[in-house]
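Here subunit A shows up in two complexes: once beside subunit B, once beside subunit C.
And now, the complex of A and B:
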């Protein structure tokens, strides 16, 4: 092995733990919820307020509950209720959506790892 | 009977280099196809043994030959397997191009430069990184994909190391054979 080889091996040994550290860490607590409704309007709501939000959609009203720095779908007039089963969102980067009622919630906070996310 | 038209025969002059590239590419394609039959433990993870040929060619005949062999292998391999112009092909090509670029930079190093292990590791890491970026940009633009990156890079490093050891053994054999 040449000196350059050893440098490459060392680089690899440093890179791998760095990758695990960067991409396998939980992203930390979220502090803001971004809610998008049927018309594409975006609401930014801080998660430190305890409140219930009523968002109108094509099927009816979706109810979101904010408490203890997290947010969840409390009720939604859809059939599958996947949005409700998503449960509480509190980790930065998590999201839930009620597609039938066209309401989505994404939480963010701390240092965002990505500039944008496409769905 | 007289032929009605005169047939002209075009002879393409081939050089030693052309033949060398063709033989080595044929070898790489064979490995590439044999490997494509192996089941994969994880999507996107393959030993990449055809890279053994690329690295050996790089060390024996230089970067331009390695570029020919690697790109022809991806092209012809995909046509034979039936993945030409599919996402598999795009990813394969992206990986090949990024590893060739990194190998090209590697050859510029001063002094004794890189050996088989260094070249192979760099090529494997660059291959996976390039493939991953293209997969993220073109096919799966979802942040969840990044969760796979550490695992994929670990596998790339392992297989790169194994390929490097194979190239090292190969080079030693070739040197012993030389008069």
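And now, the complex of A and C:
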């Protein structure tokens, strides 16, 4: 084995964890939330900072909380509160929506574990 | 030698990662829910046209079949309630015939004729009023003369009813029908690899490049995923769950899937998942199987011709058909207790 061979093999081995992580060990954690409001406007928000977002809808204001790399509906003017019951979203591909207030949140990032979620 | 070591990795990276423009995922609100269209192997302009086509089609269906906002369906219901006939166009007749057939095969557990009962429970609204469940006497009054789809008479192009209480509500079926129509539109545009997901229920055709489309099935007790399934060719994955729409009154939870036998929300099964080719059948079957519950689901599955079924009960016990068991991989740290049973 020549010196060049050794260098290339070492480079290849060094690359393995990256390739494994990227292509085989599909990571689920999300890093971005896509929020759609009643008018269809889209907001892309990173999940790496703690903050609260207030999104206007036909019923009032939906409050979204971002903390620890995840997002949830914290407060909602709808009656059923099913958006709040959806809890935290942190895995790529998950989403929650307040249909009465026409606000939806989907989280994504990295390589999603799933192409689509059935529920 | 070094090249031999590097090449497989480069080949791997090429085969596993399509160029970014090959995978398009677009979300929009339609059918009163969030719709996601995933496309693979389509260029950007074609993808944009495809999404527009799907959105237009879903909006058209939503306006036609809305159960409580002015629509073709509310016109039909008004005519039938007045004892009149209604002249329907061929697509409307085809859809109602399909609903009638599925209702018949489900033993009327999938019963789109009970719109009055659904309305009595307050579920014919975007945001149910903060109100108690209906009085037992009111439920029993409707049950005494409860319509089913056999009361809908389709003769030529005219619709009539033998029961004035018949009020159509296609909530357990319209989404499946809409997803089927959306997939047809995509195919007409030459798209062979796609998923149309309407509020969690989906039909997938083709594949994601070299690998199948991978679907996560949501855990009925959390926002996470309980299991995964890879679709094969052309399949719909539909789940009816008692967690989708509900209200709580005096500490009791009431969900939106009403059992036409009792007039109350179905009990015994928390979620019913069906994999089947067409979405309309999968949608109606998932509803009927959730209502049928642990005791009667087998017969309903047989009669509706669905062979891939998964039911989850309140204790998170899973019952699956052998064909479904071959497809589903659980992702929870502790796999649930599973019973495999022929339908």
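By our rule, the second predicted complex is superposed on the first by the 84 of 119 C-alpha atoms of A that agree within 3 Å, B and C clash if a C-alpha of one lies under 4 Å from a C-alpha of the other, contacts with A are read in each partner's own complex, and residues count from 1 in each chain.
Definition applied: a contact is a pair of C-beta atoms (placed from the backbone, for glycine too) under 8 Å apart; a residue touches a chain by one contact, two chains touch by 3 or more.
The model shown is predicted, which means the values in this text are computed figures rather than measured ones.
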{"item": "Which superposed partner A:40 touches (first subunit B, second subunit C, both, neither)", "value": "second"}
{"item": "Touched partner set for A:100, first subunit B, second subunit C, both or neither", "value": "second"}
{"item": "Per-residue contact with subunit A, leading partner among subunit C and subunit B", "value": "C"}
{"item": "Which of subunit B and subunit C A:89 touches, first, second, both or neither", "value": "second"}
{"item": "Footprint overlap on subunit A, comparing subunit B with subunit C", "value": "1, 4-5, 8-9, 12, 15-16, 19, 23, 93, 113-114, 117-119"}
{"item": "Sites on subunit A touched by subunit B in the complex", "value": "1-5, 7-9, 12, 15-16, 19-20, 23-24, 93, 113-114, 117-119"}
{"item": "Residue ranges of subunit A in contact with subunit C within the complex", "value": "1, 4-5, 8-9, 12, 15-16, 19, 22-23, 34, 36, 40, 59, 78-80, 82, 85-89, 91, 93-97, 99-100, 102, 104, 106, 113-119"}
{"item": "Residues of subunit B touching subunit A in the complex", "value": "106, 109, 111-115, 117-118, 121-122, 125, 141-143, 146-147, 149-150, 153-154, 157"}
{"item": "Subunit C residues within the subunit A interface of the complex", "value": "1-3, 5-6, 9, 12-13, 16-17, 27-29, 32-34, 36, 38, 126-130, 195, 197, 200-202, 204, 208, 213-218, 222-225, 228, 237-239, 241, 243-247, 273"}
